[in-house]
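Two complexes follow with chain A in common, the first pairing it with chain B and the second with chain C.
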Partner chain A sequence: MKIKSKGFFTRRTSEALIFILPALILIIIFYILPVVLSIYISFTPLKNWNLDRYLGEIVGFRNYEKFFYMLQHDPIIRNVFLTTIVFITITLAINVLGGLGLALATYFVSEKLSAPFRTLWLLPRMAPIAVYSLVWYYFFHGSEIGTLNSFLMHLGIIKEPISWGHDIIPWGPWSIIIFVNGLVGVSFGMIVFTSAISNIPKELVIAARVDGASNWQISRRIFIPLMKWHILYVTTWQLLSLLTTYAHIFLLVQWGLVSRQYGTTWSLYIYQVAFTGRTDQGLAAAAGVILVIVGGILGYITLRMLGFEKMITRPRGDI
Partner chain B sequence: MGRLKAISKYVVIGIVVVLIIVAAVAIYVMQRPSVGPTSVELTGDFEKDVVEVGKALEANGVSEVTYSVWSGGDPNSVMRVLGIVEAAHRINKIWSDNGVDVRIKVETRYERDPGAIYDEFLSKQPLGQAGDFFVNSYIYISTLAEEGYILDITDYAEKYSDLMDDFYPTILDAMKWRGRLYGLPQDTEARPLYFRKDVAACAGLDLTGLADKVKNGEFTWKDLYNWAKQVKDTGCADWGVIHRKGSAHPDLIQFIYAFGGRLYNPDTGKLVVDKEAIYKWLYVEWKMARDGLIPENMMEWDWGTQIHPTTVNGKTLVFIGGTWHWTEWQTKMYYTDPETGEPRGLKAEEVKNFFYYTLFPAGEPGKDPVTLSQPYAWMISSKAGIKNPNYDALKELYHELAFLILVKASDPDINAIHSIISAHLPVRKASAQLIADENWVNKLKNLEIDLSDDVKNQIKDIVEATVNPINTEFLSNVSYMLEYTHTTPIHPLYPKLAEIFKDAVDMVLRDEKDPAGAVQYIISSVNADPDLAAEVEIVGEIPGGWSYP
Partner chain C sequence: MSLKDVEVRSRKTEVLIALAVILATLPIIIGFSLIILSSFSKSMVTNFDPKSFHPTLENWINLFQGKSAAVGGLREDILKYTLNTAIVALGVSLLVTLVGTMSGYAISRMNFRYRKQFLLLILLLHAFPGSVLIVGVYFIYRLIAPLALGSITAFSFFYVIIARAALEIPMATWLMKGFFDLIPWEVEWAALIDGASRFTVWRKVMLPLVKPGIAAILLFGFLAGWQDLIYVRTFLAEKTLATFIEYNLGAPEYAEMPLVAAAATLYLLPTIVFFVTSQQLLLKVSLAGLKR
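Let's look at the complex of A and B:
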């Protein structure tokens, strides 16, 4: 049988296309199209969801100019950016290192203990967002009804309740949103890393044990180098997730637990502009497009820093 | 192989043919020409108009019309949606009596947060998925009207001049945007200052005649500071003043008016940032918070566990609230029974014994006392009736019917029931008369009035808890406050400005900024937004040497 090899649509590429077509359709509908639409909307004066009236009108870069003007002059938006940087940096470190730490720690204890322990850490992810946020709302509440305040007052450590999300500016609100999101994200890293460790051949650990290696040495010399791919994956994934997450933070800000000034991240700001008050979807889309560009750049940098290219290079066959 | 190919070909052709037929039928059904009249000339004779609209619908083959109504607010204000249900019930009865075989079905949605339901209406209306009736604050009329989301009912309303004349003029005016009418008043309110009688007595403060002193401008916020301080110093209460938070900014906006300021320039149609009045308002908040009379973290207090319990359990001298709180305290379990230690609602007698009420005092001598109203409006979506048959052809009929439902929902008894059970003020003179009718109020207490069973069942518990002579007396006693009322501006950008005010209050309460710094913050925030800056005039200066108290 003669294999056709004319142009792009060879038999081989056609077969490959058929296999990836379902995924490709989903990606186009749920990823590519929204991005294209957002870019388009960012050049329109769309507000109050009035598609009929505003969607056909193009205003050039007006929304981008407005966004950068506000960034320069509005103290709240400047704080939004500062909050975003601090939030992502610290929460990412907690998510990756915490997940790694938990996976390693549970490996070295018996399965009887580690299974319930791991399940416990999954609770924040399993709990409905509103319920989970409500728990921390009452825990950190800035009056005597807050669990933390009540506990500290009971112990005599503080005399008056502390408004954690407002009084200690900016680290109070930052700490709360980092803590609440950090706990959710840790479980993701933990699952990926636990699965990775379980796939590492036991012989390597046994051999190291025979040589007298400690848990720390086994972790550092065997597990971590063999989990590079997973660490890269978790770091990149979590970085991009944190850049766009806002559900928990939205509730904590909405309920007044944390200051709006230092509790609003970039993605939450976009949500607020698009969906609340005098909704301005054109401006929100411009802020969103810039967020996508920043996300793309950060994702690329992360992959480069962690040697993604090297990892996907085909083995040379001389190992 | 060839046979398989042929079968496949026929299957594909068959599917295409079936799809074409289905599409053609769907297009025909959706756009089938009307066979009866597509609109009716309203005459102002309600029963006649209803029957004519019903007959026109019937002639077009419509046997059921479905509308949905969306609203939100405190639990006792549920008549905001049930009023539409009752109106539909009454129109159904008229049709039934006149042999018209059409029925209206109403789906209701009532949420606690009116702001959230507005956000949802805004995003779903263009898609035709929002409520056909939208009952919410008049402040949204400007934006909704500007975007064409709600129906301009001016022409319909002109035919019902008797009804329009019965609404209080200032409240009806609040339903207008650029001279056109976009809604009918549903309720209004005043925002009294509630004084705890027991706390005042404990601190040796005499409340006798205070309401008149406030009314005459003899008791101002300067005096209130001294009272609050006395209460705190004598240990009679934890706080001198408690107010609401977040979206409750209208309560605090009263300060601007009480210090003689303004928020809107009718000549230019722009919002106003009045530096002097705002500075004085923020100074009062800042000073009181520094002296421990208002909680520093007031703006993050919890409604159910802090704000209301502190008020009803006598831990503050003053609460800046609204008339509707009078009955909310009776139906919500904010009060802790001193004998059992269990939470429960206050009894009407207890509310009367605990609370004294006045206008919002003048900011300082020489200024006037105020109150603030934010009337609710019955609004009709410009896509009202979209879920009903042959909408494109019968749109006008569905809109006319929706308007007639609003006319019926404005019946004096429906408005009076809402006023009594939710402690809002009536919007019509006829409703006010009904509230003053003891005989009618007694019938309402026993639910011996002409209401559908559905509505009766839904308000039974609220009626039982709230309909009594004490509550109706309260409504009568606070009615005079409407003579002192102000409204917040009907301007699409006002909510944005109000949000900045809210942040500024939070800052001064927490001492993150002093009053002058907070005024500067407001100005910077306004100027940072080009849209807002273009629509706001900044007037006046921060007064030098002004002191408080």
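Let's look at the complex of A and C:
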């Protein structure tokens, strides 16, 4: 390794290196190397993880061409994209507005009443993903054992059970994946906003109350303007995580609760193509590389918007 | 919080808001309760029909005896799956804590070259969940698995723990930085002037002062490893509770569903226990990454 800048291995830097080395090694092996390898795989025709047969073969941009060709002509991929866009847009709105709504609502009721609900809303995020999926599998099940179906049938709203994930295309499967992921994301917004509200000086609220302001006016005129940064933070953070995570919808598609066509988002598609059924890692890697580029750009814009410089002030007391 | 009590609230709006919150939370409560209830019944009780509820402890007894022929007369050693899940969760928890307390200390307290770049990297990775990189991560696994000494099973545990822990490193680093930031510098100076090395200061002076942070990160790492599905199903040579559930629901007509519900309840239990005992810690962890 060439060291250009003078004094890289000063005592201070090598001291710090000991502390960051474990994290650095993990980041290199599990973030940077996989990106590099994904780029490489995307130039090979790798299928069914048959490394011996395909790994030496380079096919240039064929996987990318295939991907963009499919995007134009293959209805399956087009549905994946449509699903991704609808899914991200609506889930994001639910996450941010739901989080905001819950944070404000729990502020205006007494702590004793609100604390258990805050905890309950953490459950979707923290519960084992397989259990969480099982819960919604039965909730939205297409037969009369499904909770939603039997509830609506008891009320007499529907006569026959509806297969939510298959009958009403495309909004049935979309609603399910949006609902299931929406609940996971709401807690994030709720926690961030709750903490933001608790940091707002109480004098402001009391002064407004004395002037006769309603809950709505206090939220609208005091809390929301003061939480602009937090709202931006939650929005951009959730946008990125919705773009790249698929764990909470994976089983719903795998178990056939929602139709594969309208229940698969871009990141889930990558996983499916790479690991389930007849696999094509070259194509999956190409789709993954494009996603990494989109995510990387979005992530960078996010950090700039959030005022990255402010978040990394130097440690003032270091000697 | 005491100032909040000064406020005069109208009782009526409070009740209305509370009702709205309860209503919104209802699907979560109902969904989880019905699965838990089903584990004590002969058949699933997910429809609102009291007639389908036949109370029994059979599922739980079968579960612990491993008797349940869940699919095609196979014996399912659920205790072993639970142990496998726990091994992964504990491994992730310990590794994330060790690495996170070290790197968090460095970026909070030390001023080194490329600190800014390292921080930018951590933040960028924090914002960008690594789960889409799994194709590359599996590729590495396939490349190095043949080199593994000893059993492939042991290696798969080892790999899934580090790979899953790596996903939590940016968050853990940022969280621990927040905890270290709160400690007054005078403490550290005193030790450094006495001639202690940075490593000694970290271990002997700083770590005891960030105990709440360490507890938070241990807990969070454990839950992250415990809840995981994608990594264990992709890499692990043995079943965990997550893959057991996935496998059974793949062919629900052959599965003994109330038994699966019991396994799911068992799987959910640690999460619930941590919820009840350490709400505040969980809330704190979820706030990691916020500016102070």
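Brief remarks follow.
Here is the rule we go by: the second predicted complex is superposed on the first by the 254 of 319 C-alpha atoms of A that agree within 3 Å, B and C clash if a C-alpha of one lies under 4 Å from a C-alpha of the other, contacts with A are read in each partner's own complex, and residues count from 1 in each chain.
One rule holds for everything that comes next: a residue touches a chain if its C-beta (ideal position, glycine included) is under 8 Å from a C-beta of that chain, and two chains touch if they have at least 3 such contacts.
Owing to the predicted nature of the structure, the values given are computational and were not obtained by experimental measurement.
In the superposed model, A:66 makes contact with chain B only, not with chain C. Of the two partner chains placed around the shared chain by superposition, chain C is the only one that A:126 touches, whereas chain B remains out of contact. Once chain A of one complex is fitted onto chain A of the other, the partner contacts of A:112 are absent, as it touches neither chain B nor chain C.
Judged by the touch definition given at the top, the superposed model places A:169 against chain B, while chain C stays out of reach. By the touch criterion defined above, A:75 lies against chain B but remains apart from chain C after alignment on the C-alpha atoms of chain A. Comparing chain B with chain C, the partner in contact with more residues of chain A is C. In the superposition on chain A, A:49 makes contact with both chain B and chain C.
In the overlay built on the shared chain, the residue A:278 is in contact with chain B alone; chain C does not reach it. When both complexes are overlaid on chain A, the residue A:159 reaches neither chain B nor chain C.
Judged by the document's definition of touching, chain A residues 49, 51, 141, 145, 275 lie at the interface with chain B and also at the interface with chain C. By the touch rule above, chain A contacts chain C in their complex via residues 5, 8, 10, 12-13, 15-20, 22-24, 26-27, 29-31, 33-38, 41, 49, 51, 102, 105-106, 108-111, 113-115, 117-131, 133-139, 141, 144-147, 149-151, 154, 183, 187-188, 191-192, 195, 198, 202-203, 205-206, 209, 215, 229-230, 233, 236-237, 240-241, 244-247, 250-251, 254-255, 267, 270-271, 274-275, 281, 284-285, 288, 291-292, 295-296, 299-300, 302-303, 307-308, 310-312, 314-319.
Residue ranges on chain A touching chain B, taken from their complex, read 48-53, 66, 69-70, 73-77, 141-143, 145, 163, 165-167, 169, 256-257, 259-261, 275-280.
Chain B makes touch with chain A in their complex at residues 115, 119, 122-123, 125-126, 143, 147-149, 245-246, 296-297, 299-302, 305-306, 492-493, 495-496, 499, 503, 506, 510, 512, 521, 524-525, 527-531.
The residues of chain C lying in touch with chain A in their complex are 1, 3-4, 6-9, 13-14, 17-18, 20-22, 24-25, 27-32, 34-35, 44, 46-49, 98-100, 102-103, 105-113, 115-116, 118-125, 127-140, 142-143, 162-163, 165-167, 169-170, 173, 185, 188-189, 192, 197-199, 202, 223, 226-230, 234, 241-243, 245-246, 249-250, 252, 260-261, 264, 267-268, 271, 274-275, 279, 282-283, 286-287, 290-291.
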